[in-house]
Structures are given as C-alpha cells and as structure tokens.
Amino acid sequence: MTATLAATSAATETDAVVRMSGVRKVFGHGPRAVTALDGIDLAVAPGEFVCLLGASGCGKTTVLNMIAGLDRPSSGDIELTTTRPAVMFQEAALMPWLTAARNVELPLRLAGVKRTERRARTLELLDLVRLGGAGDKRPHELSGGMRQRVALARALASALQGNNGEASSLLLMDEPFSALDAITRDVLQGELLRVWEATGTAVVFVTHDVREAVRLGQRVVLLSSKPGRVVQQWSVADAPEAELTEEINGRLREVISSHAAA
Amino acid sequence: MTATLAATSAATETDAVVRMSGVRKVFGHGPRAVTALDGIDLAVAPGEFVCLLGASGCGKTTVLNMIAGLDRPSSGDIELTTTRPAVMFQEAALMPWLTAARNVELPLRLAGVKRTERRARTLELLDLVRLGGAGDKRPHELSGGMRQRVALARALASALQGNNGEASSLLLMDEPFSALDAITRDVLQGELLRVWEATGTAVVFVTHDVREAVRLGQRVVLLSSKPGRVVQQWSVADAPEAELTEEINGRLREVISSHAAA
Amino acid sequence: MPRPDTVAAPADSVGAGLDALDTPVAAGRQRRLLRAVVAPVIALTLVVAVWQFLWSRAYWPEYQLPAPLDVWRQITRIVGTGEVWEFLWVSVHRAVIGFLISLAVATPLGLLLAKVPLVRAAIGPLISGLQSLPSVAWVPAAVLWFGLNDAAIYTVVLLGAVPSIANGLVAGIDQIPPILPRVGKVLGAGRFDTARHILLPAALPGYLAGLKQGWAFSWRSLMAAELIATSPALGFGLGQYLHNAMALSDMSMVIAGILLIFFVGVGIELLVFRPLERAVLRSRGLGAL
Amino acid sequence: MPRPDTVAAPADSVGAGLDALDTPVAAGRQRRLLRAVVAPVIALTLVVAVWQFLWSRAYWPEYQLPAPLDVWRQITRIVGTGEVWEFLWVSVHRAVIGFLISLAVATPLGLLLAKVPLVRAAIGPLISGLQSLPSVAWVPAAVLWFGLNDAAIYTVVLLGAVPSIANGLVAGIDQIPPILPRVGKVLGAGRFDTARHILLPAALPGYLAGLKQGWAFSWRSLMAAELIATSPALGFGLGQYLHNAMALSDMSMVIAGILLIFFVGVGIELLVFRPLERAVLRSRGLGAL
Amino acid sequence: TRVQRTEAWERGPVPDRGPAAELRLGFFPNVTHASALIGLEKGFFADELGATTLVPTKFTDGATEVSAFLGGSLDAGFIGSGPALNAFAKSDGRAVRLVAGATSGGAQLVTTPDIDSPDDLAGRVVVTPALGNTQDIALKTWLAETGLDGRVEVTNRDPAQTFAAFTKGEVQAAWLPEPWASRLVLDAGARVLLDEAALWPGGRFPTTVLLVRAQFLAEHPQTVRALLRGLLAAESWAAEHPAEARTAVNDQLAELTGKPLSRPVIERAFAGIQLSHDPIVTAFPELARDAVTAGIALRPVDLAGFADLTALNTELAALGRPAVRDALN
C-alpha cells in the first residue's frame, strides 16, 4: 500500500483546475430517488492526468458531467478555475446530419476558427485517429469503433482549439477507447499522452481497464458504488506498474464484492 | 503456429449451424462504394464457441448482421440450418419507452411465453447481470455499462426462450462486455460460459480483448481489414492460453500495421 | 372611455405571477398544474388588456373592434341561458367522434404508407393532396352525396383529419432509429408484432405531434362544416353560433364565437395533449421541460 | 352501357406497372423518378376507372355523380382558354408567399416555445388554440379589419400556417436526443449557435413534417379565404373558381375545381416535400425508402 | 355511355303513399322568406301537417339549399327564383318542382348618396349576394339592358360582409334583398337608386318561391297540399294582422340568429315585399332568358314541367279562392 494517498490530500492544494468538495448527487425524487454520489472530494491540479476507476454504474460519468457543468450537484461545491473543459462522452454522440469531418470541425466552427485552418486541423486529427479516408462518411456509415474515434478527434479538436481557438486546460474523457482493438488503442493512448504533454492540459480519464489507467495516469482514483465515494487513490509514480495494477485490481474486487454482498 | 487451422477447415464440415461461403459485402454505389467484406468463408459447428477478432472497422459487425439476416451479402451464400439466432448488438439498443425489466421481457412476450413465467425469467436474468434492483428504471436512467448489461440479459432471454419458448441454437454477440469493469466482466464471462454449456448453443462472439477471446472461445478467427477477409484461425484447445494470446496479439499487430502501411 | 383600473389590476397580478413562476424550487405536481394554468391565463389577460386599451383609445369604430366587455356580455348571455352547453356538447362530441374514427382509419393507413414502399409511392402523394383540400370545398359535395346529416359532417371531418394523422405517423416512423426495428426483427417480431411493439411506440412522439395537428384539422373542419350546413338534424353547435354572428355582422358576437372555439382548442390542448406529450417525453428522458 | 374495355385497359396496365415496380434491381435516379410519378398516376387511373364504372352503371343521377368526361371537359375548357394559368398563378404564388412569411415567423417562435419554459407554458396552449380556429371563421373578421385585399388573405393564411409550423418545430425539438444539445454545450455553443448548429438540424425531420402540415394549412386557408372573399381586387384564383362552381351548383365544375386544388397539393408534395424529406432522411440513414 | 335508369316514380303515376313521416323544409332567416318565418312562428305548417313531423332547415345561401335538394336531404324549401331555376336546370328537370310562390318584390339597388343616376355607376363595383342568385341575375340583366355592362364590375359578397364594407366606404353600390337593403339605407346611410319592382310589369316578380322535390311530390301529394294550406293560412293571417306579422317574423329571426332586426328596418323591409302564393309563372321564361343574358347559363332552361300548380289550385279551390295561372303548362 506504499502508493496510497490520503483520500483528501489533493483537495488541500490551492491551485486546482477543478475542486469538488462534499459533492452529492441524487437522481429522482421521493421513493424513487437514487443517491449516485455521496461526499465526493476531488481536486485536479493543472496539467495533472487523473484516472477514474470504479464498478459499472458507480457514478463516474456523473462526476464528469458535473465537472463539465452539464449536471448540478444536489449538494456540495464544484469550483472550476479554468475555461470550459473539453469533453469526450461515453457515447460517440456524433451529429447524425454531419459527415465525420464536419463533426470534428464543429468545435472549431463554434470557436470561430478560420475555415482553412479548420480544414487543415480536421484532416490532421482524422489522420491521428486513423480515419484519414473516412472524413466524408456519415455517422451511420461508420462502425462502432470508427464512431468512437471520430468522437475522440472531436474532443481533441475542442481541447486544442475549442476556447476561441485556444487550448483548454481541462480534458474530460469517458472510456474513450472502449470500442477499439488492442493495437489501435495502444496507438491512440500514445497519441493522447503526446497531446497531453504538448499542451499541458489536465486530464480526467474514466476507464475500466486498470492497466490503461496505470499506464496513462499520474494518479488513479477508485470510486465505490451505491453511493459513489472516493475509496482510495494511488500515485502512479510511486510503484512499478505491474505491482500497482495487481493491487488496484485486488482493491476493486474487494469494493465490488462488498457492494454485491451488501 | 501450432494451433493454426487451415482457414477453410471448418467450412468442410457438413453439419454447421451457419456456413458462409465466398461472402462479399459492398456498401454504397458507384465511386462511394466500400468493400467491407470480401470472400469470407466461415462455418460454425453446432454448439461451437467462435470468437471473432479484428481491427476496428474491419467488418465484424457486418458479419454478424448478415448471419442474423439483417443485411444481405452482395455476393456469396449464407446457409443457416437453425432457427432464428439470438443477437446482442454492439450498441445497447434498448427500447427507450420500456423499463429495463420490460426490455428483457420483450423477446419472451414476442415468443408468447406466459406472463408469470416471463416475469420469473426476467427477474432471474436481471439478477444474473447484477441489475436486480434496476428493473423498473428506464434506459435513460441507466449508466452505459448498466444498459449494456440489460441488452445482455435481453439477448440471453432471446437465446434461452426466444424461439416460441425454445432455446436458440445460435447466439451472436457483438462486444458484449466492452463497457464493463474488469470484475463484472469476469463474472459475466463465467455466466455466459455456464449458459453456453447448459444449453449447447453455438456462439459467435466479437471482442477486442484477445485474452477474453482465448478464455471463452474454442476457436478464434482473425479478420483483416479493408476488405475484411479471414486471415487466420486458431483452435484454443491446442495451446496454452498465455502463449496463444501472445501469438494472436502479434498476428493482429502485423495485420493492422500492414493495413496501415497499405 | 379608458378605465385605467381594469387595466392596472391585471398588470400587477401579471408581475406577481411571473415572479412566482420563476422561483426555482420544484414543488411538483401542484406547482406544475398551477403553472400550466396560470401562465396562459396571464398571457390571455395581457392580450385582453391590450385590446381594452386599444378600444379605449377608439382608434377603430366599435363595429370593427368591439369592447371586451361587450364580448364578455355575449358570452355570459349564452352561459346564462345555458345555450352554451348545448353548443359545446354538440360540437365537441362530434369532433371527438370524428377524431376517433379518423384515428382508427389513419393509424393502419399510416403504417401501410410508412412500411410498404409501393403504397407510399402510389397513394402517399394523393393523401397529401387530399390534406391540402379545404374543408369548405367538400361541404357542398358532401351535402349532395350524403345529405344534410351527420354523415356529411363526418365525411368532411375525416377528409381533413385522416391525411394529417396518417402523415404524422409516417413522419414519426421515418424518424425511428433503424436499430430498433432491427432489434425487433432479431427478437422475432413479425409484421404485426413489429407494428404493435416497436413501430407504434417508437414513433409515439412524432405520432402524437401528428395527432395534435390531426385534432386541429378535425376541429377546424367540423367548424367549417357547421358554419355552412345548418339543420335541426345537425343540432346547434359552435359553428352555427358563429355563423349566425357573421350573418348578423355582429362583431362582438363573432368574437365571442371565435373565443369559444379557441377556448375549446386551448382546453383540449391543456387537458389532453399537453399531459400526454409530457408523459411520453418524460418517460423517454426527452423534452425541454 | 358499360364499356368493359375502358375498365380493362387501365387494369392491365396497372398489373404491368406493378410488376415493373417490383423488379428488385435498383437502377437509381431515373427509376425512382419513374416510380414516384408512375405509381400515383396508376393509383389515380384506378380511381378514375372506378368512378367511370360507377357512373356508367348510373347508380346515382348525373347531377350527383357527373361523368369523368364532363369534368375533363371543364378542365380542358379552362386550359383551352388559358384561364387556368391565371387561377394557378394567383393562388400558388399567394400560397407560397404566405407560406414563406409563416416560415419566417414560425421558426423563431417555435424555437422560443421549445426552449423557454415560461413562453411555452404561457403561449403554447394559445398557439394550439389558434391552430384549431377554422379559417372560415377568420375570413369575415379579417375582411372587416383589413378590407377586401391581400392583407386580409395573408392574415388568414398566417393564422393557419404559423401555429402549425411552430408546433411542428416544437415537436421536432422535443424529440432531439438530449445528448446532442449537451454535446453542443460542451463544445461551446451559445444560445444562438445551439439553435443554428444543433437544434434546427437535429429537429429537421420533425420540422419538415411540421412544414408539410403547415403547407397544407396555408393552402387550405388560402382556398377558404378565396372561396369566401371574392373581389376583382383580389384577382381570380382557384378558390374563386370553385366558389363560382358552387354558386352555380354545377357538380362537374365543382369536381374540376377540387381536382385542380388537389393536383396542386400533389404537385407540391412530389416536387418539394418528397425530395426534401428523402434527402434529409437519407443523409441520416433513416427512413423506409 | 351510361346505363339508362329511371326511378319508379319517374315512369308514371305512383301509388299515393299517404302522408310522409316527416317533411324537411328549407328556408332562409331573411325577410324575403317572411311566409316561411310566420308559418313556423305561428305554427301554421305544423297544424296542417298533423302527424307529419316538420323539420325546418335553415340555409343562408341558395347554392347549399340546391345541393340539399339535389342530394335528397330536403323535401320542400323556400328559395330564390334564381337558384330554383338552377336546381331544375342542373337536374335536367328531374329533381324539383315549383309548387307555389311566397314573396314578390323586396330587392333594391342601393348606393352611396353621391351616385345619382345609373351612369354614375360606370367604373364602380356593384355587389350582389352570390353568383347566379336572384339579385345577381337581375343586376346583370339590368346592366345589359341599360348598356352599362362592361363598364360596371359586378362582384359577389355575403350581404353581412357587404353591410360592413359599405359602412367602411369600401363598397358604393349593392343590389340586395330585404332586410339588407333596408339596413343599408337606415343604418348606413345608403340611398335607393333602383327598386327592382320598377323593372317588372305590375311591379310583381317572384323573389321567393316554394320548391318541392319531385319524388316527394309524386309520393306524398297529401303532405305537399298540407304544406300549401299552411302557406296560405300564414299569408292570410299576415294580411289580416300586418303588425303582428312583423313581430312574428322578427321573433323568428331573433330565435334563429340570436338577434332581432331593429324596428325601423323591419318596417321598411316589410313595406317593400308582398306575400303572395302566386309564383308568377309568367316571369320565369323571362328569368330563364335573363340567366343567359347575365352569362350564368349557356342557353335558357327548358321550363317544361317546372311548375306544378295542381296542388295549389286544388287548395285554393277548396277555400273558394281564385286559381293562379299556370301559363307554363
């Protein structure tokens, strides 16, 4: 347990891009109410790469939505000391009436980037996600993994130039590689790290793959479910990858089975 | 390469539940035409568990769609010597107006299963996918992984009783566990194997996770992309799991990079 | 003469009403009901206030723009004699019956149009053509063919409402994400099951929109038919009331008639379509509200 | 005397037509065009054949069911004198202008209704109420207020079409999967950008359905207005033609008028809405065809 | 080509089916339909019809009433002479029969005071209630006879709308039946340029007549006679009690339309009309020619069989009153 951080340590830093304190989220009213999150304290430092792990349905997406300003917490505070974060949703959520290239271009158009630059950037990003030839296809003509990659390219476009042409200082990604084969995933993980290093943006990254989390993240945060709480955090630099993966996997198993037993 | 099968070996057996021969699929017309599959020969024996691997966008979903009778091949033949196969799509594709339980119940209703039996079976299946308490939720109130599990339960309902209350002899699954955490995935893999053994249904299983393929499948089929062709097949019983995983991973990398180079 | 107090009183309550509506707490059903009823009432009050103001300034002669009070007197008069209930009953029950028949005819028709390409190519445009024929054009023909009776009136209503509902259903079905019928197919739904368990529920939001338009068509057509054909066999409905008002060129009575027809429209919207729409959208996680 | 050959001849060609339509090869644009035009023509031919048959059996007196040939003569007569082009021009250009104005008014209105809950609660029901008011009720009022001129006619058309288009847009927006506006929001779309880049395109299929209904409303309202308000100042449109036919109780002329109005409806559907709808649905991978 | 079918009642005398179960009677809520209104208000029709149920059916334009006749949903009806001829012509003389008159007179060309002579109408628009209605034909014929046709534009407008348009100054001239002519004169300051009575010999011309569906007449002559008795009774009563007749008409108008006419209007309107059971059949050939002059019909209607006054004359004889001339037969 060498790599374990105190659950609140990060929250004490002062210059976080986002800081959630005591965040609670309840969906629905009355007897049908579901407490998705309860007492989440989480701060992300500028330029930090945080991976979020947790059982299916524990509230990871809800956390991202609240950081993105799409949902309001039922109680607790979220402070965002940055411009609008760039987001990649769990679903591809492409605009069905736009081609793949147009979808990627959309955040640039909205940010007022000039046409020629937009075009160039779009081509670049499509190449990056290995969809160089599929720019003129409509979403319904793409496979599941291709759609996910278009969404990734769009999120990157938004992260790189989405703030009136400036880079965002926070990127939220919800299982961005779940529909990809192992090799493409490897490549795109590498590209993501390159972008992260080049721009110095902070990243909050949700994944189910512990090895992916350990490979990419500087810090790994584990959520429990029903209700979601931060159970434990690990700083990745502190331990060898394989060992850490083992440890996190074990802890995850514990959390999930304790929930199942409850 | 000990475990490699001749690419056509399975196709020579006579009693296949499904046999594709020389199947070609072209989407679109004229200059926009895309050859998704070209010359696919594939046969699945009764009760066999076949895993389909391949790069993102190589045509795995298209193969399943054609077996399910949802798409027609542009040329070539598909013989199905069984009743309607049960299918789990890559997307959850739940009916948004039905609760989770109703969604699972739908195939049973369509098969004319009696109400009480339907209810009992639905509860059982929801428990199996660990969604015992979420039966009365609507799809939009579920997390991504929860939706996928509902879709899994629905596909199992269809497989177990979807043919006028009889079990199907073919189950098609398109990345059924992609949105699940490692632990839930483990559990559900186990459940799937149990169902498979109990019913003796044949399974065609698409996945991106080579270890999953090796763990579950009796045979692993690797597709190339642009156009999709059967590159190689492995019989899982013939080699130790770890070694086979390594080998398949290597071959996959080769196939994908050769495509990227082309 | 301007009567400033009548104008000021509603204006004040408008302000209060708006404030109340903006309070962010969600107090559930009761609040919602209040809002659903109070907001349009306030909007109406505003309209009446403007009207009263315009009238009080006497820009137009009385026979062009009657006083709100005159119109109000017309309404209270027929409410007083109880006639209004007869008008409403005659018209509304006829519209509802006509609408239900249209529904029963248009639903299978819409399914056929949406799902059988040949039917769609062949009679789709004809249906749209029918929809664009004004009801008044049908009235003499219907009277000639069916006589001065309910059959003629229902014919006119059906010719208005059926194409509209069918087209609405077709549009709804066209917008269904194609994956849903595919799921239906692999789950073993036949043609009938697909229609019943997949297409109709999936198209429900679009279908409802079509129903709303269809109701508007059937109510309008009915009014047009009632405006033109009068006979004791046909009863005395809102259309006939308006007809008399026009024949007398009595503007306050005309406006009273228009208002009554309008209120029925608003009532049906608030009591039937709004809640239905809400429920349908809610249960699918759709909709602005 | 019945002439079996006139009935049989179309029946045969119908059979051939149906076979041709069922051939599974997709020969693209030309075929589609052929099908789009041929299928409704065949359907119409069938209707005419039945009509001719009924007429030839003389179940009804001539003044109730005129001969198809009589109606045809009425049409060829006005085509011969060239009058028909004047009627069509007067009516169609007026309907198109009215429709375009309605579009310009209804689109922002629909956006407001869909996206501002207070506006929706307050004036949503009033809009639906307006929609259910028959045009015939407005015509006298509009004529009284604006005089017997184009302003009155456009008022009637707008009162019919605007609520219908706005309601269609609201329904379309209500059905947008909520994830799309959320995506818009995180991509940095403001209110205006959301409307322009997300809501309007996403609602397009439903909006188009509303436009179709709106067109039907505006064309119907126009016909009703033309039927009721006649004046040399207004020109002579299809509505007036039908009006005269009715005044003269000349059934073959009435049917000729109805057919002309109907053909305009069918034409607009085939030339404007069908291709638009097709293109929109196609590009999204939706739709049966 | 078409199968030739004739209904049983058309082929020859049919057995009298006795009194009908019901009689559907059409009329307008107009002063020119005064006999109908009085008959309804005072129950003259109902008294005579006995067991036959009277179903009074209100119309406001002749064309719809003609449709109702042709569609078989009306058995008898008070109607203007123009639409009456039209109904006969459109059905090739098969659907309806003229059985009695109701009103004569009661139509005037009224204008704004600045129009002093017919020549002042040149370049103006004159309004009539509907294309091909009695006043429309009369106006167009008159225009042709005075050589004004082509210089005056004729347009059709619902009388109620015309009234409003006249008040607003949009319309300067209109040929209208009562009570509209009176309303324009008394309530809107119009003046009378021409009274239609001046154009006819003796000032008498059929404004409103009583039409019966031919089949109904053939099958239920008894009922038709009862109706005619009611008409004659109403007429006599009105002649004896002129003031009460006006009140009766106005009461009926109030009941039918929700509002009575003002006292002066009904007085003036009544002064212009005569209730008369005589359909003035001699005028019809003239009217048929007028329709051609007015451009409403292509050739004059063949009036053979149009008027069937046997029933009326039977009833008149029973009352000891002189028969009316049946010049058409």
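The letters A, B, C, D and E name the chains in turn, as written, and every chain counts its residues from 1.
Keep this in mind: contacts are C-beta pairs under 8 Å (C-beta built on N, C-alpha and C of every residue); 3 or more make two chains touch, one makes a residue touch a chain.
Note that the structure is predicted; figures quoted are calculated from it, not measured.
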item: Count of contact steps on the shortest path from chain A to chain B; value: 1
item: Starting at chain C, fewest touch steps before arriving at chain E; value: 1
item: Distance-maximising chain from chain B - centres being C-alpha averages; value: E
item: Chain pair bearing the highest count of C-beta contacts; value: C-D
item: Centre distance in Å when chain C and chain D are each reduced to the mean of their C-alpha atoms; value: 19
item: Separation of mean Cα positions, chain C and chain B [Å, integer]; value: 49
item: Per-residue overlap in chain D, given as positions that touch at least 2 other chains; value: 64, 140, 144, 178, 228, 246, 249, 251, 285
item: Residues of chain A whose C-beta touches two or more other chains; value: 91, 140-141
item: Where chain E touches two or more other chains, by residue; value: 63, 67, 70-71, 158, 160-161, 164, 168
item: Chain D residues within the chain A interface of the complex; value: 179-180, 182-189, 193, 197-198, 201-202, 204, 280, 283-285
item: Complex contacts: residues of chain D adjacent to chain E; value: 1-3, 55-59, 61-64, 67, 140, 143-144, 147-148, 228-232, 243-244, 246-251
item: Chain A - residues contacting chain B, complex; value: 27-28, 34, 53-57, 59, 61, 90-91, 130, 141-146, 148-149, 175, 178-185, 208-210, 249, 252-253, 256-257, 260
item: Residues of chain B touching chain C in the complex; value: 68-70, 84-87, 89, 91, 93, 95-98, 106-107, 109-111, 138-141, 154, 158, 162-163
item: For the chain E and chain C complex, residues of the former touching the latter; value: 24, 29, 55-60, 63-64, 67-68, 70-74, 158, 160-161, 163-164, 167-168, 256-259
